[in-house]
Structures are given as structure tokens and as C-alpha cells.
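Naming follows writing order (A, B, C and D), and every chain is counted from residue 1.
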Amino acid sequence: MSEVMDAADAEHAHGYIEHKDALLKRLRRAEGQVRGVQRMVQEDEYCIDILTQVSAATKALERVALELLDDHLRHCVASAAAEGGAVAAEKLHEASAAIARLVR
Amino acid sequence: MSEVMDAADAEHAHGYIEHKDALLKRLRRAEGQVRGVQRMVQEDEYCIDILTQVSAATKALERVALELLDDHLRHCVASAAAEGGAVAAEKLHEASAAIARLVR
Amino acid sequence: MSEVMDAADAEHAHGYIEHKDALLKRLRRAEGQVRGVQRMVQEDEYCIDILTQVSAATKALERVALELLDDHLRHCVASAAAEGGAVAAEKLHEASAAIARLVR
Amino acid sequence: MSEVMDAADAEHAHGYIEHKDALLKRLRRAEGQVRGVQRMVQEDEYCIDILTQVSAATKALERVALELLDDHLRHCVASAAAEGGAVAAEKLHEASAAIARLVR
């Protein structure tokens, strides 16, 4: 994270903070699903049933990512955009790169 | 598209306009790839070779989508965010929904 | 495509041949959607509306890919697996590689 | 899992058993990444850095899924295909459905 970013962050709390508890709950559930997959592999369960559980964990993480990104756009990006300049340009560039990583 | 959006659009040109030619070039190439897939199916080509071509067309469209989204964030969303209020909230909501459609 | 593959192909028609018409219809629709995206870009339509259309074309191509892959597994891969040996191993390797390209 | 499947499974060990240790190692790493995301959220780290970690965990799970699927095709599906009949048809249908869940 660049220093330009740090300066912006000092002023605005991260967007996800309002629903930190909901995010943590989702993440604990995803962690439990990944542990469930391990148990299924250890107990030699059927491949397709394991794959179903892996897909559930992946979808849960995707939802977390979309929520974080939505919060990020609404808070960090929106306030940087309101200020404009180099910080805004960097935040927008960074958000686009994060979206590309999610899509690919 | 809501009227709230129309009002915002009237003021700012769409972000992608600066590289409309590059976008159109990419899209014509994707169209050619989809036509190529049709020809391969018609000529009974090998399934896996057809799948490779379908993947290429899908990746080309994904790149177009990421470019459009990046332009949209830099222009429409950034300028709406600078103004704030209902238009900004709606634009951000709309952008998140578009990102979710791309990811899923 | 390797010669090992050609030998196998000579014996079995490609799986997708039974619903070639349905596949071609889907592909023509996807081609029309990609042309629609070009027209929207040319006419300076709203970014989010264009993105919705790009997503529709991408989903259509994904469905074509899943159909081709299903046909491929049911025909080429199943008959190679029944024969076993090097052809079976190569077909399975090839199918997995195609699946990985679709997922990423 | 249908009874038809159970009958087939009794005869063949699941394909992933040969690299169970490697799979479990990958899964433990993914679990650690998900726990890392929780800690980052708890410590109010920067959204984009959290997103990068979420993407890493998602990609790790995707690799696990592709590995499981490859093993499944090589073992369960290949041996069912060699036998043919209802079991083969059901296994292939099931594999295609699992692939579709991964892609979407």
C-alpha cells in the first residue's frame, strides 16, 4: 500500500467496518466449510460430494469479496473521487485491478 | 436506466468514449471468434479445439467488460461520487451489481 | 491435435453432432449479442447497459462450452476410456486441461 | 449419492486417494488463508489488501477443485465408462453438473 493511500486512509474509516460482524460470520462459515472439505478428504468421501462442498466454500468467499468491494467503492473510492487528483486516480486504478483479479 | 442517471449522463460523456476505437476493434475480433466457432461446429471439428476457441472468445469479452468497467468507474462513478447524494449512491449500487454479474 | 487423437476420432463421431443445430442456434445468438454490444458502443450507450449485454454474451458462450464439454465427455472421453491405454489417458488429460481453461 | 453410485464405488477407490496428502496440505493452506482474512478484517486492514488475500484463498480452492475433478475423471468416470450402461451415464451426468457448478 503506497503512502498516498495511507494519507487517505487516515481520514476515512474502511467501508467494511459497519458490517464487520456480518463479514466475520461469513468468513468463519467459509473456514468451517474448508475444514469440512479436509474431513471429507480424510474420510475418503465421494469426489463429487467433496466438489460440491468446495464450490460452496468458493461461493462464500466470492460473496465476501463482492461485499468488501462494494464497501470499498462506497467509502474509500467515493471519498477519494470527491477529492480528486492523484489519490483518486490511484484508488480507481487499484479498484479496477482488484475487480480484474476477482473476475479471472 | 433511471431518470436520475439520465441527468448525470447529460453532463458527462461516457468514459469509454476515449478508446471507443480500441473497444470496437476488440469486439469485432470477438465477433470473428464466435463466427469461427460456428464454422468449426459446422465442419465437425474436434470438440477440444472448438472449446479452446470458445474460451478465447469468452476471455476477449471479459477483457472488454473489465475495460468498460474501469472507464465507468473513472468517469461516471468518479464524477457522481464527487457530487455525492442520491446519484452517487445509485451509481455505486449499479456498479457493484455489474461487478457481481461479471464475477458470477 | 495429436495423431493418437486422430485415430480415435476416425472411429467415433464427435458427441456434439446430435445437437449441432441447437449449438449453432445458440452461437448465432451469441454472435448477435456481440454485434449488439458493438452497436451500443458506437451509439454511445450507457456503460452499465453495455456491460449487461456483454455479460449476456459471455454467459451464452459459457453455456455453449459446458454443452460441448458434456458431449465430449459422453462420447469421445467415454469411448476412449472404454478402450483404455494411451488414448484414454491423453483424452482425460486433454479434457481436464479444457475444464481448467473454462474455470479460470 | 445414489445406490447406483455406491455399487460402483465399492469396486474402485476414489481417484484422489493417491495424492490425499498433497490435497490436504493445499486445503490446510487455504484454511490458513481464510483465517488470515478474518484477522485482517478484525485488525481493520485496508480493503484492497484483504481482497488480495480473499482472491488467493479462492484460487487455492479452485486448484483443489480442478485436481479433484481430474482425479475423478481419471478414476471413477473412466472405470464407469469402461463398464458402460446406467452407471456410466449417471457418472458422466454428475461430472458435467459438477463442472457447471465450478464454471458458474
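Here is the rule we go by: a contact is a pair of C-beta atoms (placed from the backbone, for glycine too) under 8 Å apart; a residue touches a chain by one contact, two chains touch by 3 or more.
It should be emphasised that the depicted structure is a prediction, and the values quoted were computed from it without experimental measurement.
If you take subunit A and subunit B together, no chain is in touch with both.
Chains that count as touching both subunit A and subunit D, per the definition above, do not exist in this structure. Each chain gets one centre point, the mean of its Cα atoms, and the points for subunit C and subunit D are 22 Å apart.
Rounded to a whole number, the gap between the C-alpha centres of subunit B and subunit D is 31 angstrom. Multi-chain contact residues of subunit D (touching two or more other chains): 62, 65, 69, 95, 102, 104. If you draw each protein chain as a dot and join the dots that touch, you get one closed loop, with every dot joined to exactly two others.
Under the contact rule defined at the top, the touching pairs of chains are A-B, A-D, B-C, C-D. Within the complex, the subunit C residues that touch subunit B are 1, 5, 9, 13-17, 20, 23-24, 27-28, 30-31, 34-35, 37-38, 41-42, 44-52, 54-55, 57-58, 61-62, 64-65, 68-69, 71-72, 76, 94-95, 98, 101-102.
Partner subunit A is touched in their complex by these residues of subunit B: 62, 65-66, 69-70, 73-74, 77-79, 81-82, 84, 88-89, 92, 95-96, 99-100, 102-104.
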